[in-house]
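We call the chains A, B, C, D and E, going by the order they appear; numbering starts again at 1 in every chain.
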């Protein structure tokens, strides 16, 4: 009967921190959630890599080194690619365009999504009907397919890729934001603001938007993943600006130079892993974000932290762990 | 505590905590009470004082991050908190007596057998406790077929019977929950709770979401059934008027602890604990003179970091200024009437 | 069947050829080899698809391999790597003295694959079809279509065909011999020759029997009535679908392909080292060049064009573009393997200073001397002060170009340009190119039968169109006109004397070298990969008897020579 | 016009500040083509003056909140008149209410957790109405006004309270903030929509007493919406009983609850738990569900459940009848006149 | 029923929107498609020939609306025009050859990933933080983070070229005549293995995470507590109570993700030379084959609309709540 297993308790937090946490929970998620923390670390490293590319890997990434497909060596720590370019430089510099496209897409898509979602949700009626019809259309039309078709009409370039990706990637979040706006609009604090005499503009910016920061941040991260993945895929299909250095074009040239058949893993692996790492890191951060919108997700983790994994039994019943008093 | 008859369920020194990232929320602290056969035992107290937590603990269906950190819950002499380690024989002897139910396998399964067959529960959110995508009939028959050795047809027949008992047209068995009104759903849940004729039925604020008229109607029906079948009821509400109307004995909870325990009339006519008095002063009357009422100033303490000693002290009008280092213990101030107020009634010498 | 002698192969009486050429198994055995059951897997160039849509109509532009040069055959083959004219359906040709009548003698014993005899009526019918149907395509179309040079085609007897010219134009010979001949008795029953899919083709070629047509594979087996005894050696050709060059590379490694026409990057290590049966030979048959828009200053100045020619490090460029599998081009702009016999052996004999060797210092000196001053930012300006800021278009999908883009930019900037690389999709780029809406660009090798056609396309006023009007494909869209070339062209077209033509061709090369209308970069290979796992008799560097690349659309007839040369594995 | 009288106190000569006449609200429901309407409020009339508390009671869904939201123009009425200070604001201010109206009529919502914006500090939320309505000028003045409001609402110390965020407050404190916010514009009338129903029982009295104090000290008129009859009796001068969108009975609170005349009021009162009476003694007389508000049948809405139903109840809505001084109802048992 | 009618309205509007897009997009763009298409056909084309081809391609001189009307009327006769790049094959024929393979690969991999993903999601959520849950979903995230073509190339190289387990390209053996023979079906399945594996690996995480999160939400519902209190078996709670409700959001998600799955398939088709609509689309884009692009886009979109409508019907079946709306 007497199971005196220890319960590891969490330390209570000081007041100011708690206020901050309530206001910007998504900032705290990262600290608290192990996966999100690792994710943030990874993505930060990748962003720093992009920002400090000239410092980390000095020199022109397109420079031809006279040797192609050399395995990693002292001069080329990640070898050279089929075009005789230094893989390390390509990987480091490639972060710039890929991350720019990812974040750019996310920023643009979320602006569209937020505007459409909030306008539709707030003004409702015919505006809502029309905007949602468009949104649903975009939702159902396959993104990458539309993207491929669009790429036929647009001039290949970073800007157009961002534009096309944002164009195909906003709809899902617009719908979520609209739903949230609709529910927030019914909240009494919005009604209270109306009664207090606030203007629609002020209500949207002061009352509704601040409450959707979580959603917008989550959507931003999700769209970034989409942007990175889809731009890489487009590059692989040769549909982006191919003279640019990005992880996608690196992979394209590796494949184009038959690096696989040459056994030149170093031509594929660095950029491929970077894409995967970025996507994984962002996915993990979003797992953390999920816990804000769904606090139930947190509960079990706390219990596990305190009791260890053993509390789970075949039949689910509240665990009994006596505490010494 | 009680020597006249062995209680049906005996809760002793129960502790329950929710382990949150801000530290443990001590939702139930050292709570002891017993429910006798055939009695309606009321658990009253304002919101968040731990009533539902106790109810869920009895069935061990508390959700993470809840942990039971102390005490015993003896149901017919078997400790529910140790069912995993109870032998099936002991359980059969003590709990089942002569009653035949579906066979019991391992100890691990005992908790499933104990649930509903022995103690059933009408949840606080009864409206939401029906599965929205499953027809009513299946939600009734699945519990029958799980615990009784009967076939589908028989289960269905019994389901129809149950519908009759709670006064709903049996054609409604084919309905989905959303097709029924709140009152009907509530009655269905009660029907399910009655399905196995358990010895104890926990009713956690079964009527708060309902209109007063419907509420009254349902409570009368339950009362009727209780007298017919003779089960005990653990009745939970924050509405003292309703509680007094419905229960035999009442425990008043405050901030995770029981502060007063007495027969219903005693509570109404002779409240001992200042909190109980305050509570009674929070319900204006529908009859008589309009008198100014005070309520209780302040707010209940945060259970994350409850103050040491008496938890009501901050709000108490009768506080004498004495600091008591640990929580006041329940003591029998007058026969059958317990109160936990050490600064008024002195220190008890037993727990 | 029982073979007879080596002389049964086609011979030629055509003037340019010095010696009779034979094809097939000529040297070794005296008997016709027994035909085999071997099926070769072929991935022809330009036919990437994961599912096939079937079309064997030679009058469309979307037929499948081997519609041209396989199912249908031409009168003669201009075998450019060998510098020979190979008689095929016609054994002989003759010009009339006034050069206005061209007479072909057809080969005896040729049958259509349905057993019908091949006659001059079929040839006449084919050219009539081209003439009367505006929407059918064909190599001979230019001869008979409106504005063409052939006024009528007649057949005095079943074995003779006469082409009556409306003006003297001897290079027209090559347009005529390149036309694939279809059977009159089949095609006269086809309602719309431009749109028929011709799924059961009847031809004179070695492979005519389409036996398998699945989503991802089709097979064409040998013609039971093929006129060349004992040919073809293999039973059939099977064409698997492939999504692109990289897919072919893996298929080659896996042993799934025997004959292919794809560029394979790093072919040595990627494929040849991984599969010992596979070999490659990439004869240089054309030249890739760099073109500048002659209507824009300073590109109208030959000095500037030559300076650009000097600024490129061709060896580096070749490494990047194709891992060194081709050679630097020279100031004639001609590819050695494409114009054998025409091209001067020694470029210095032209007496023009070399501008195709890397020498940026010299280029700068030339430009300085010509008065293009360098600004403080290192960018030169025109005499009117406009800086040399230009856009270099790069085309997605042309990976060899994309690979050298940064180098081109760097090297051009070293002599005072400022280059902005802009990416285009191929179709966008094509659209801009031919109307003259570009400043500078890369362009791939042009094919022509002789230097006549080649230089005519490059710098003649005959192919010039004003900016805004599209030029023909690969015809002087850079809009540099060199008047000195006109009399030479006229002289070439006005004679059937090969010796005269060869002399004129050298003059033409000189004119090219003096004016640099385009800047030659490097020779472009014919991407030919084969596996000797099943058969031998493949053309290769040791035995370069033909340019053997399998091509689906816009096929050249040379592949017929390879198709009739396979023999048992040694 | 008897309906108009139904609510007005006969003793008063001068016009009350707020007068609601024949207010009707129908919500369109159903699909694109559906012409179904939900009759949330039907023909509601009453008056409310400064310094007066009028309770609006009735069970869930009877249209209490809708009535309040109509008055503060959160919803547009289908028909009816809202006469405020002698002007029909529906006519003079179509579509949206003017700032001046909003400065005089405020509302408190049921849910103290939902009516405060979680992202702004208490101080900010109190500042906004002060700034919008220019009740104070200058940073210092505004801050002083905020502190004063917090103190009035019993939130001490005000400096600390102003810095807090809603999640840091208990339910009772939040509801006090909501009241302070309503007071910020110095209104004459406050519509309180179930202001205590979400609060813990022991805290409710404090909020009710605060409202009472404001009425007494500042002469603010309250429309107190609740389903708790006892608290209506405790706080309100007059009480209106609503059923399915209709006001079925109205009168002086104590009088109404001691002598309920309408069968529905009687039923309601009988169902209120009464510890002294005990559960078993009284039978509830009526059963059945509240009728659907979507395209309801004609007649008295209570007819289906009424123990004393008569044939005419099912097709005609009864007229207003006066049964005592300041006690009115709508029931066929009490014909007008 | 009303719900379905409303949805039907939407699908009709969506279909019309797709039609208009397909028709007008190429025609709205500057430049003449004919010039671009005909340009590479060789210098031997004469002007007369170009004009004739233009006529044959349907690039007439009629006013746009008339062209649109004839486009629509042809469409309803099952005529989507003639492919430019595969002239004179009708677009419908081109689509027909690829369609069955797309469906085979798409549906089998979708089915497999949905089934596996849901099972893993259910299991993971049921024992959140358990050993299974700590290993399987993160691994699937990690794999799913890689670009589809990257995985495809890896699988092709290791399982195909190195281990020779599966054929490296195409949908069936060439030597086996197509038909309902064991040999042919076997060969189709062997060829399906690697593309399907990649498709499943790429998509698995979507379903795992959707289901897992949805399960976690549902597991917090009161009716689950009630089911537990009822002493029902764990299996029954897991599937009848939890999964059955948790699957509802996936059903809607299913329709939305369908598009992205089709997009991902493009890359897989490319690597394995697998026949399918995706590759056709990329090729059509490369060749500026507007009729084919339009036809493919229309086919894919219509397919997705259709599936979504079927899902709506399914949804009303499994969620009784929407039936009444």
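Simple rule for what comes next: a residue touches a chain if its C-beta (ideal position, glycine included) is under 8 Å from a C-beta of that chain, and two chains touch if they have at least 3 such contacts.
What you are looking at is a predicted structure, and each value in this text was computed from that prediction instead of being measured.
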Query = How many hops, at fewest, get you from subunit C to subunit D via touching chains?
reply = 2
Note = Min route length, chain touch network, subunit B to subunit E, equals 1
Pair sharing more residue contacts (C-beta pairs) when B-D is set against C-E = C-E
Request  = Compute the distance, rounded to whole Å, between the mean C-alpha positions of subunit D and subunit E.
outcome  = 55
Note = Distance in whole angstrom between the CA centres of subunit A and subunit B is 46
Euclidean distance of C-alpha centroids - subunit A vs subunit C, Å = 50
Ask   = What are the residue numbers in subunit B that touch two or more other chains?
value = 56, 61, 63, 111-112
Ask   = Using the touch rule from the top of the page, what residues of subunit A touch 2 or more other chains?
value = 18, 151-152, 239, 255, 260-261, 300, 314-315
Message = Give the list of subunit D residues in touch with subunit A in this complex.
response = 69, 72, 74, 99, 102-103, 106-107, 109-111, 114-120, 128-129, 132-133, 164-165, 167-168, 178, 181, 184-185
Parts of subunit A lying in touch with subunit B, wherever the complex brings them together = 1, 7, 9-13, 18, 32, 298-300, 302-303, 305-307, 311, 313-315, 317-323, 325
Query = What part of subunit C is in contact with subunit E in the complex they form?
reply = 48-55, 60-62, 134-135, 137-139, 141-142, 145-147, 175, 194-195, 197, 212, 214-217, 219, 238, 240-244, 247, 250-251, 253-254, 256, 397, 425-428, 430-431, 434, 457, 470, 472-475, 554
Message = Under the definition above, what is the set of subunit A residues touching subunit D in their complex?
response = 18-19, 22-23, 187-189, 191-198, 206-207, 210-211
Remark   = Within their complex, subunit E touches subunit C through residues 31, 35-37, 39-46, 48-49, 51-53, 55-56, 83, 85-89, 93-94, 97-98, 101, 156, 160-161, 168-172, 174, 178, 269-276, 279-280, 283, 286-288
